[in-house]
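Structure incoming, see below.
Residue numbering begins at 1 within each chain, and the chains themselves are lettered A, B, C, D and E in the order written.
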C-alpha cells in the first residue's frame, strides 16, 4: 500500500475515563486508532500520605496506610506492622500470625476479584464483573464480622491483630473459600473457551521477563512473564513456609497469562486459608506493645507479596513515637511506568486491556 | 547465599561500600555519590550477585543531609541489599541510575520533585505528583512549611 | 391485494368521510405514520425496560424494581427526564451536522417500518422492492452516526463515528447476501410475498426449507444484524470502556434520546426482518386476526437471543471485527449463496 | 425556551390554573427523581463501595439508576473519594459539562471536609463544597453501600419537593 | 393518483416532524444555561488539545471503497435472484462466474494487505 500521509492527533484518556480505574491521565498520540505514544500523567490522587505519616504516632499511621492501597488494606496494615516489629524486634504470638495469614489471603482473593471484574468489563463483558463482586461480598462479610469494616480495616496492628475472630467465622470462612474455589472454575469455563475473549487477550501486550525485571515489575505480572518469584517464598515473612501452595507461573507474559496467574493465585490462596484454618492454634492475639510505641533508632525496608506485587515500606525511626520517614512502595508504581513501553503500536482497545491486566490502582502510585 | 555471606562477600570485593549499623533487618551499605552508578553497574553485572531488580528509591531529609536509599534485589539469587548515598544539604545532586535499572526513572522524578535533589543524566524531569502550577517548593523537606500544613510538636 | 389490509381499511374509512384522490392517500399514510410511531415508542420503552430486566437477571440482580410493579414505568420516567434535560450545544460543533444527525438516525430507523408486515394485512405499504428498500433505508443510520461523530468535533466521537461507519459498511455485505438467499427462495422482494411463501408447516420456513443453507444464512444474518444494530459483541462505536460513550458523547437531552430510541427501534427492526425472512413472519396456527401475535412472539424470541449475546460476550477489537467480516463472513455467505442457487436449480428444497 | 418558568405566572390568571401547574410540576419532578443516571466517577476508596453498590447485592438499577460515562447524559455526580488540589479543577470541569438539571452527592469524609486523615495534608482539597454545590452529604470512610442508597433516596425525595423551574436558579 | 411510494416520503417527513416536535416540546420545559466552560468539548475532564477535524487515518476509507464494489455486486444479484426461476442453468453458471471473479478481487485485496487494519 502506498503511504498516505495522515495526521497524528493527541487525545486525553483520563483523568475521568471509565477504564483508567481512577484518576490517571494518559496522553495518547494516535494515528487513526493506532497508538504512537502513551504518556502517563499521575498525581491526581496525591494525598501526601508519606508526609502526614511523619506527623502521626506509629499506631495512628496504620489507618492512613489503609488508604494507601485500599483494595488490599490488610497488606498495608501488615507491611507497616511488620516493619515496626522488625525495628523493635517484637515477637508476634502464633495465633496472631495465623489470623494475619488468613486475612491477608482473603484480602488477596478480594483484590483479585476486583481485578477479574474490571478487566473483563474493560474487554467488554459486563456480566462477570457483577459475578466477581458478588463473590467478593462474601469475603467482605467475613471481614465485617471480624473488624467491622468492609474496606479499610485497621485490623493488623503492631504486635498482633486488633481482635479475635468470632465463633461463627471459621465455618463461614470454610464455606466461603469452598464456594469461591468453585466459582473460579466457573469463571474459567465462562471465559477461557470463548474465542472472542481469547482473541482479545492472547498475545496482547507481551512483556518479556528481561523488560519486566528491568522495570521493577513484580507479583503476578512478573510471574506471567515466566519468572517464578514470589516474596512469600523467596523473602520469607510471617509463617508462609508452613503451608503447601504452588506459585502459578505462565510463560507468555500477555494479557491472558496475567489474568490466568491471578485466577490460579486465588485458588492457591483458598488452599492457604484452608490450611491456616486447620492449624489455627489457641492463645494470645497480640504481643505486649506500649500504647506510646517508640522503636529504637534504625531503618528497615520491609516488603511483602501483595496482590499487585511487591509492597514495601521503608521506615526510618529516630527513637521518637513518630516515624522519621515512611516511604511506601506499591507495585502499581512500577507497573504504570511500564505501560508506555509495551503499548506502543497497539490499538486503543488493546491499551485498555493492557492497562486493566496490570491492575493498576492509583492511590498506590500517587500515595 | 545467606545475609552474613553476602555481607562478607561485599566487604571483601567492594571496597567502595561501607557497612552501616543503622540497617535493622536488611544489609545497608553506604556509597559515595560519585561512585554510585559504577557500583550499581558492578552489582548488577556481578555473576555471583546479579542485583538486577530495583525495588524502590527513597529520598530522606535528615535535616543535616539528604539521603537517597536504593532498595535493590536479585531475583535469581534471592538477595536483598540497601544502598545509601549521603548528600550535602546545600545543592544536593546525584547521578541517575536509570542506565542501570530503567525502573529508576519515576522514583528519581519523585525525589527530584518532592525533595529538590538534582538528578543528572535523567531524561524526563517534569512535574509529576504535584499540581501543574505548584510553586511552594519541595514539600517532603523537613523544613518545608505552608499555611495549611499543621506540624504537630515532636514529643 | 387483500381487502383486510389495514391500509385499505383506513382508506375506506377516510373515503367515507369525504376524502378522495391524492389527499386521501396522503392522509392515510400520515395517520399510519403516527400510528407506527406510537407503536414504536411503546415498543422501544418496553425493550429498554426488558433489556434492563434481562441484564439484571443474568447478573443475579433484579433490574428496575421501585417504579411500579417490577419497575414497569421506569423507562417512561427516563424518557420524561430526558425531555427536561438541557440541550448542550458545543461551541466548536458543526451546527447543521450536529443538529440533523439525531433526526436522521431516528428517521432512518422509523422509515423502515413502511414495509414491515406485523401481521396478515398489517402492513403500511407492500412495496414490491420491500426488502431492498429496508436495506437501503437502514443504511442511512451509518451516515447519521458518522455525522454525529464528525459534527461534535470531539475526538472520541469521531473515532466512534469512524468505527461505526467501517463496521456497518463491512457487515452490510454479508447481510445483503444472506437476504439474497431468501429472495432466491421466494423469487420476490416483497415482504408479504416472502412471508406468504413460508405458509403451511414449520418446514416451509426459510430456515428449514433450504436444508443447512437456510440455517447458515440465518446465523450469518444474525451476526451481521447484531453488528448493524451496534450491539455487543460489536458495540465498538459506543464502547464505554474505550471511547467513553462513542459517537453520542456530546449529545444530551432529547437528541441523545433520539439515538437511544433509534438504537432500540433498530434492534426491533433487525429481529423483525430475521423473523420475516427466516422464521415465517406472521405464519402460525390460528386465524389471520391473531397472526400479529405470532409475529411479535417470534420477534421477541430473537430479541431475547440478541440480549443474551449482549450480556454474555466480551467485545471484539476493531481490526478483528473487520477481519471477521471480510475474511470469514463474506466468503462464507457467498459460498452459501452459490450452494443455495445450485440447490434451487435442481429443486432440492423442502416443502411446497 | 424556559417557557415553563413563565407557566406559573400565566396559570395564576386562569381559574384552576394552579392545579395544572402543580400536576405538571409533580410529574416532571417525579420523572427526574426516579431516573437518576449517575456519572461513572470515582477517585479513591469510596469508588470501590460505589462499584459494590452498583453490583448484585445492593443494585443501583432497582432505583432506576444506571451509570453513564459521559457527563452530558448524566444527572448525578457521585463524588466518591478524595479530591486533591490537582484534581479539583477537573472536577469543576466535569460538573460544568453536565447537562442541567444536575445534582451532586458528596460521598465519604474526604469530600465533606477533607477526610478524617488528611487534615494536615498539603495537597488535599478540604471539602468539595468550595468547588461545586453539593446536594447530599454522605459521611463515612468509606460509607457503606446502604448509606449511599439512603443518600440517593433522600436526593430523590429532595427533587420531588422542588418548584417548577427551580433547577434553573442553581 | 400517486403511487404507494409516496408513503416513503410521507414517513420521512412525518419522522422529521415528530422529532422536531419533541425537540420543540423539550425546548419549552428544559432549562437552558449555557456558559463558556459548559460548552467546550468533553475530553475526559481535560482541555482538548487541537482540533479533531484532521486528515484522518485512511484505514477506514479503504473498507468503504471495497464495500462499494460488493454493494454494486449485490445490486446486480437482486434482479438475478428474483428472476432465477425463469432464467435457468445459464444464469446460474453466469452468476457463479461473476461471484468467482469478485472473489479474486477480494483475495487480491487480501494479498495486498488492504484488509489488514494497521
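The criterion applied here is as follows: a residue touches a chain if its C-beta (ideal position, glycine included) is under 8 Å from a C-beta of that chain, and two chains touch if they have at least 3 such contacts.
Nothing here was measured: the structure is a model prediction, and the numbers come from that model.
Listed by label, the chains that touch chain B and also chain E are A, D. Contacts with chain C and chain E are shared by A, D. When chain centres are set by their Cα atoms, the one at the greatest distance from chain C is B.
With A-B and A-C as the two chain pairs, more C-beta contacts join A-B. Look at where the CA atoms of chain C average out and do the same for chain D: the two points lie 35 Å apart. Averaged Cα coordinates give chain D a centre that lies 39 Å from the centre of chain E.
Chain centres here are Cα means. That of chain A falls 32 Å from that of chain D. Taking each chain's centre as the average of its CA atoms, chain A and chain E sit 46 Å apart. Of all residues in chain B, those touching 2 or more other chains are 130-131, 139, 150-152, listed in ascending order. Those residues of chain E in touch with two or more other chains are numbered 27, 29-33, 38, 40, 42-46, 48, 52, 56, 59-60, 117-118. Within chain C, contacts with two or more other chains are made by residues 59-61, 83-88, 155-156, 163, 240, 244, 249-250, 253, 318-319.
The set of touching chain pairs reads A-B, A-C, A-D, A-E, B-D, C-D, C-E, D-E, using the touch definition from the header.
Across the complex, chain D is touched by residues 130-132, 136, 139, 146, 148-152 of chain B. Every residue of chain E that touches chain D in the complex is listed here, in rising order: 27-33, 35, 37-38, 40, 42, 45-46. Taken together, the chain B residues at the contact with chain A in this complex read 22-26, 28, 52-56, 58-62, 69, 71, 73, 75, 78, 80, 82, 101-103, 105-107, 127-131, 139-140, 150-152, 154-155.
Taken together, the chain C residues at the contact with chain E in this complex read 21-22, 25-26, 29-30, 32-34, 36-37, 83-92, 102-103, 106-107, 110-111, 113-114, 124-127, 132-133, 137, 150, 152-158, 162-163, 165-166, 169-170, 172-173, 176-177, 180, 183-184, 187-189, 244, 249-250, 253-255, 257-258, 318-319, 322-323, 326-327, 330-331, 334, 337-338, 341-342, 344-345.
Those residues of chain D lying in contact with chain A across their complex are 40-45, 47-49, 51-52, 55-57, 69, 71, 81-82, 84, 86-87, 90, 94, 117-118, 120-124, 141-142, 144.
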